[in-house]
Amino acid sequence: MSGEIHEECGVFGVYSRNAADVAGMVYLGLYALQHRGQESCGIVVSDNGSFKSHKDLGLISDVFSPGRLDALGSGNIAVGHVRYGTTGASSRANCQPVEVYHMKESLALAHNGNLTNSEALREKLELDGAIFHSTSDTETIAYVITGERLKHSSAPEAINSAMDIIKGAYSLAVMTKDELIAVRDPNGFRPLCYGITKDGCYCVASESCALQAVGATFIRDICPGEIVAFSKKGVTSITDHCGACKKTMCVFEYIYFARPDSVIDGVSVHNARISSGMALAKEHPVEADVVIGVPDSGIDAALGYSMQSKIPYGIGFVKNKYIGRTFILPGQPDRESKVRIKLNPIESTVKGKRVVMVDDSIVRGTTSAIIVRLLREAGAVEVHMRVSAPPFTHPCYYGTDIDSCENLIACHRSVDEIAKIIGVDSLGYLSLNDVDFSGKGDGFCTACFGGGYPTDVPDNQSKFCFENQASGAND
Amino acid sequence: MSGEIHEECGVFGVYSRNAADVAGMVYLGLYALQHRGQESCGIVVSDNGSFKSHKDLGLISDVFSPGRLDALGSGNIAVGHVRYGTTGASSRANCQPVEVYHMKESLALAHNGNLTNSEALREKLELDGAIFHSTSDTETIAYVITGERLKHSSAPEAINSAMDIIKGAYSLAVMTKDELIAVRDPNGFRPLCYGITKDGCYCVASESCALQAVGATFIRDICPGEIVAFSKKGVTSITDHCGACKKTMCVFEYIYFARPDSVIDGVSVHNARISSGMALAKEHPVEADVVIGVPDSGIDAALGYSMQSKIPYGIGFVKNKYIGRTFILPGQPDRESKVRIKLNPIESTVKGKRVVMVDDSIVRGTTSAIIVRLLREAGAVEVHMRVSAPPFTHPCYYGTDIDSCENLIACHRSVDEIAKIIGVDSLGYLSLNDVDFSGKGDGFCTACFGGGYPTDVPDNQSKFCFENQASGAND
Amino acid sequence: MSGEIHEECGVFGVYSRNAADVAGMVYLGLYALQHRGQESCGIVVSDNGSFKSHKDLGLISDVFSPGRLDALGSGNIAVGHVRYGTTGASSRANCQPVEVYHMKESLALAHNGNLTNSEALREKLELDGAIFHSTSDTETIAYVITGERLKHSSAPEAINSAMDIIKGAYSLAVMTKDELIAVRDPNGFRPLCYGITKDGCYCVASESCALQAVGATFIRDICPGEIVAFSKKGVTSITDHCGACKKTMCVFEYIYFARPDSVIDGVSVHNARISSGMALAKEHPVEADVVIGVPDSGIDAALGYSMQSKIPYGIGFVKNKYIGRTFILPGQPDRESKVRIKLNPIESTVKGKRVVMVDDSIVRGTTSAIIVRLLREAGAVEVHMRVSAPPFTHPCYYGTDIDSCENLIACHRSVDEIAKIIGVDSLGYLSLNDVDFSGKGDGFCTACFGGGYPTDVPDNQSKFCFENQASGAND
Amino acid sequence: MSGEIHEECGVFGVYSRNAADVAGMVYLGLYALQHRGQESCGIVVSDNGSFKSHKDLGLISDVFSPGRLDALGSGNIAVGHVRYGTTGASSRANCQPVEVYHMKESLALAHNGNLTNSEALREKLELDGAIFHSTSDTETIAYVITGERLKHSSAPEAINSAMDIIKGAYSLAVMTKDELIAVRDPNGFRPLCYGITKDGCYCVASESCALQAVGATFIRDICPGEIVAFSKKGVTSITDHCGACKKTMCVFEYIYFARPDSVIDGVSVHNARISSGMALAKEHPVEADVVIGVPDSGIDAALGYSMQSKIPYGIGFVKNKYIGRTFILPGQPDRESKVRIKLNPIESTVKGKRVVMVDDSIVRGTTSAIIVRLLREAGAVEVHMRVSAPPFTHPCYYGTDIDSCENLIACHRSVDEIAKIIGVDSLGYLSLNDVDFSGKGDGFCTACFGGGYPTDVPDNQSKFCFENQASGAND
């Protein structure tokens, strides 16, 4: 149930030599990236350096009515952003892309990730007279880039210099008056790629599925540490920060965040999930009659488990597709009613059967426990849960909300204890060794599974916890 | 792509001995029936005979904010309705349930189906001085029942008498000041069932999945021709019209309309679809590497095809779950862009493979052609389409919008011609003989597939066409 | 403070020989009649007999966005309605104009007034099989007219016959497929007039100010009891019911409801109010330094009082023009805060002065008491209240909400008692004898002031009260 | 028709020793100041230094639903703002109060006025690394204050220092974590005053009418150049900048912007307008039968004209009070239709009469011409226009939108020419000498009437024009 874990953002940018409906293209691109953030979104269009923007809380479809989109007009460059965040009256100030109006060079900036030295940077900037309107990292990045811009003759060079200052996870789509710039941090924590349309427009996107959504052909991923600029001069790349450190792409992009039809750093997300399911079947086999996945994120791994184990694959649940994120139950609803209206078991699939139920994670465990109960009510005689990732035990500092210990069921509990809590006959997690989507055994950040932090982390480590975590299996 | 064919309605009713949150229960029930109609919805609550209602265009989640729902208050009986229909400023008048205020007995009425003698009845009523505020059949039914109510001492008796007058398809949830009445036409065209909650509330629903949504236990289907009344006196049934004609349940409920987790007249919808896929594999086998389903309606039959054919099942598409029914593309979008943003192939599933693509129907064929093109772009070397229902050739008069000939690709074309138009290597439809969900070879209306109309149909048969329809296969 | 008393409705209709923007004209006309009803509004357009409509709760400006108005399209006839009514989720069913679809003749009907035999008519209709969707009189009128239409060869004749059946107050704008019909009840309780535009379009309106709003020239008032039809055949009049009874135009139209720039039955509303103020000065003179009016309804009479008494006229209050009808004060506001934010005294006008404060009525008295207190706080040394109408003592059955006794301060109290409650130094009401706007001493309904009911009133006289009412003055 | 000229802003602030509904008080205060700006509004609440805010485009009543207001919670300090500005998708960024989050001291700032050295300041700040999110002066002020705050030990001292840097018109309400600070520029261009409630809360407001709206007692105006701080330490004042230059209060505050019930710098706005009308009658007498004012801004001066001239005062127009600022006419409306629906003459006042029509200004003249035409259509035999201010000839740099020459009818035309254009029998403007609201002949900024600019103005004087302006009268 990784529905309880959230990616922070998705970015999309377009560069066209001539005036075009770049806003419309960003709109389509963001539609394909909506799964990366549903709290707010925004688009900024540049028509030869004159910026128009619209940003608000809500889904792409709510925020951008046809009239709103038309009002952005045509232009030659545009950047867009979808964002996850906490709700609240004032959070509109945190909507992206961030726009900066400056005599030297105005810019708009869309950011996916999280800085690890944000607080220190902010303190220094404020002491130099800077004022902040929001609490987002992105405003800090904007300040640092603008500060460097005063010392350098071009935006890419300013960004190159800013990369010496900012630390942590960042995939950026930056727009100036005459160029679109894609930036990926040296660790390559978050994905970023680009492609080209038949009309010769360059598109930058968090995931390749967004390139397909606008009919663009994938060219390549931005390398960790690379700055790629699109302008009248063509495509130029600055690689000074490439290779500065080991690549540590977020493993949870493969497990849950990214769309299965995306290919990231050469690996198909769908295939990665099928492989996880197959590895899981090898690690934690069980005698059963049917393998089912918890929609939507457990489906691919369930199919992999079935393929490896030869136990038939079945469709175990119907998910109500009319339940939006604002779904509110009337009266004083218990959590069970809420799950029940979202997810209903198909009795004919599970009745009288020994069921293997595959999901991609267990966060708090509450929802898993309810689903298991629903399966038993529908007649399942055994329920064996298999999780296509290791247990969460450590917080994430790189742009997801895998948080403090007390909210993670695996943090202070053994697998046996967890199995008991959620009421399954057996439980098996994928082991950390099997989390290998590149097939080469390296190149991933597995910090949230206890795999170690690839960078310095903030001093104030209030999120941390080290003891007693679940790490194996009880089957 | 039965997404192009629409069911007209879903109904839900609750009877409680004591004041309860009956509006909240109907709300949950309608949430589970939302797939049966997304144009408008409504709930009417009776608090000891005093009606409160709210009805509007839109989805349940849009129309019923928590405040709106609270405003309905508690009560002992409630009925609700979801409706499909054409959009338009004035269609609010057609929202249901219909409320009738009358000195003899006020009532609220939710209807799923379509009368075949509506025009004649309306003419007669108008000549007697009746005035109509809407163009819906349901207002006609309300008139007939109220007319009979003046002659009979109870609502169920009035309805029993009205059933001699109205002809066609109707599953009704009717509320008077002290009873909830479920009515199903003698042919049993549309489903209707009832159950009971732990608290002893009776619930009437178009489909059993809605009973589960409110935590109610399924008791039984309403029989074709039966009137079941729930009141302080308990549950009473009038069966005068049962057996008056052969049962002819709409076969398309199994193929597309109903939710897979529903069980209708004893048959699991999910199982029916799996069986169709298996029958299809027997009828139209092909050598291939992977079987994929077109989401969402082709998934179950694809799994059945895979089970029977032993060709591996794969996940062929990602459907964008943020695309609502009001999805509007900016600018002058072609249909292909619209399909592309909704449905993206997973390259790793189909690249270099011979693909069997299963769907539940082909209506106009335009969307199918685009999907096939997307699959080939993603690298599929062969595409074999299999359809888990016979071709549509005749219009429906019983409550769906399977319409006039010119919109149905199969109406004047052979299977070979259709295959060419949609660009597949082979095409196979399920034959009419294999449409047998009860396993007994009877009891279904297959009029839309040319299986003959089980009742008189309206004289003005402008929808009709008879010649040249697709009927076999080209593989 | 007649803001506490409400008119029920305003009507507007347009007839054009050729297709024109009749919806736009009705929109403008209703804008000018908005003061007659702010709860809901609607427009129905006929394009050669094909009706399009839009009706909803809210002000004209809220309900009719440019898009909504465009969607009504052009046509040759249109009718519109503004309505006052109680709020509530279900009252959308009571929005007008009422549309009736009938094989003999469809029609749309906008009604201002109130029937006195509505309940009896409704009972009879229901026993004949009629069903009602709303609780409004207008649906009853629609039934009666349609019933007569089956027996007569034209709509005006059917209406002429219906006028024998319906009793009470009604000014109607009725639209059929080829004519616009204006109808005024034999007593002429509510105003109704018509005019013609430069383009030859006929307009029917509740008040002449609405004719000016569309640039039409006033032709004449519809006579009490008259039916005037506008069609291709020109203007035809049926006068069978004219003179059937004495004309008894509602006197409160002059005192409060109508706009001062309207002329009704030959009398300028503004002049009528100036005259009331002058009569009031003669009846209840007082020594004072300044005469002020309570905005907006007391301004005209205050000017009259000043003209007659030679006491200087001053501007006593600023009314906050941004306070809409949905004004809600935060927290737990007392009524005084609410008045204070709406109406603030101008200190420089009243400080150290003896003030005559003129208003058109006192309903509950609560607001008057607060206003008087505000004046004293601002430094007024004496406050003498003068009311330009007699005290309310009887309920109205003809289309206003002057209601039951307990809500009327004058009902069981003497003028002295009222003066004490509202805290004034003296209080004087206009006497019934001086309520003579035609200058001929007759032709008005003054039932609410105890002047006697000009028709039979409903049996169930729950609104009545007879004793102890205020009738004179205490000064 | 000063409706065509706009004030930029209104500010309101509250300081309470204890937690209170300070948001609710600001809400009421802003309601009373809504006339100073209708484009956007906002409130920021401090609960012991923790800020909550809500700001958006729209009127107070639209932006602050009860839920929105509740969400701001209670606090001890709050500031609010209403703003006029050009509409547009991106202008939400310009909503005030501006919030600044800074380690040294966070603050919220509401500003009424306009800096004259804004561009130069901004250039300097940007070269030092500052980035701007908006185009408003207020962000510049925030930067300057924050920059000074780093050098000074308290916010009032920082502001005192900032006042050496910023030039032009500014009345500010500033909130820090523990104090509310009121600041007025040394010229005193815009009004600002404070008062105290019964509960001991201090309120700062642009106009005294807003103090009355919250039940506060007026204490005094903030002096030009003064800084007044409200905190636990009580009320402290810094007067270093007082007397630095001559006071030059904007004369148009008296003529049009301020509410008549406000008293500014000791002068009643209502009285000032009455006096203008009296001076006008002395300067430009005429034989006539009635004096009428153009609502709302011409009413007070018309009464003064009548008082001085002894020509009877009459009510000449009814203004449609349901026309909001978003009023849109259907189809292709001419300007005349738009005026006609807003303002209708009362025939009985003007028919057959020689009319003196008083307004407070003529901007473009288009609307005046239409109104004069409407009066003649209603039967006025002569129309003499009197304007209670001198003609506009110069742009304003101090916070109103009296703009470039080409939009001002008086800029290149004589009074005779203007009289001809608007179609009056005579026209008279108040002379610059008579613009003396303090009775002492000094202390006002009359720059827009050619009275000279009291400060340096921006170099880029694109708004300027000097020749041929109207300056006298033609009668």
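The first chain written gets the first letter, and so on, giving A, B, C and D; residue counts start at 1 in each chain.
In this text, contacts are C-beta pairs under 8 Å (C-beta built on N, C-alpha and C of every residue); 3 or more make two chains touch, one makes a residue touch a chain.
Bear in mind the structure is a predicted one, so any value in this text is a computation, not a measurement.
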item: Chain whose mean Cα position lies farthest from subunit C; value: A
item: Between subunit B and subunit D, centroid-to-centroid distance (C-alpha), Å; value: 61
item: Intercentroid distance (Cα basis), subunit D paired with subunit A, Å; value: 49
item: Multi-chain contact residues (two or more partners), subunit C; value: none
item: Touching pairs - complete list by chain label; value: A-B, A-D, B-C, C-D
item: Touching residues (chain side subunit A, partner subunit B) in the complex; value: 21, 23-24, 27-28, 31-32, 34-35, 38, 59-61, 66, 69-70, 209, 212-213, 215, 259-261, 263, 268, 270-271, 296, 299-300, 303, 307, 312-315, 317-318, 320-324, 326-331, 337, 340-341, 344-349
item: Subunit D residues within the subunit A interface of the complex; value: 52-54, 68, 71-72, 89-90, 92-93, 98-104, 122-123, 126-135, 142-143, 146-147, 150
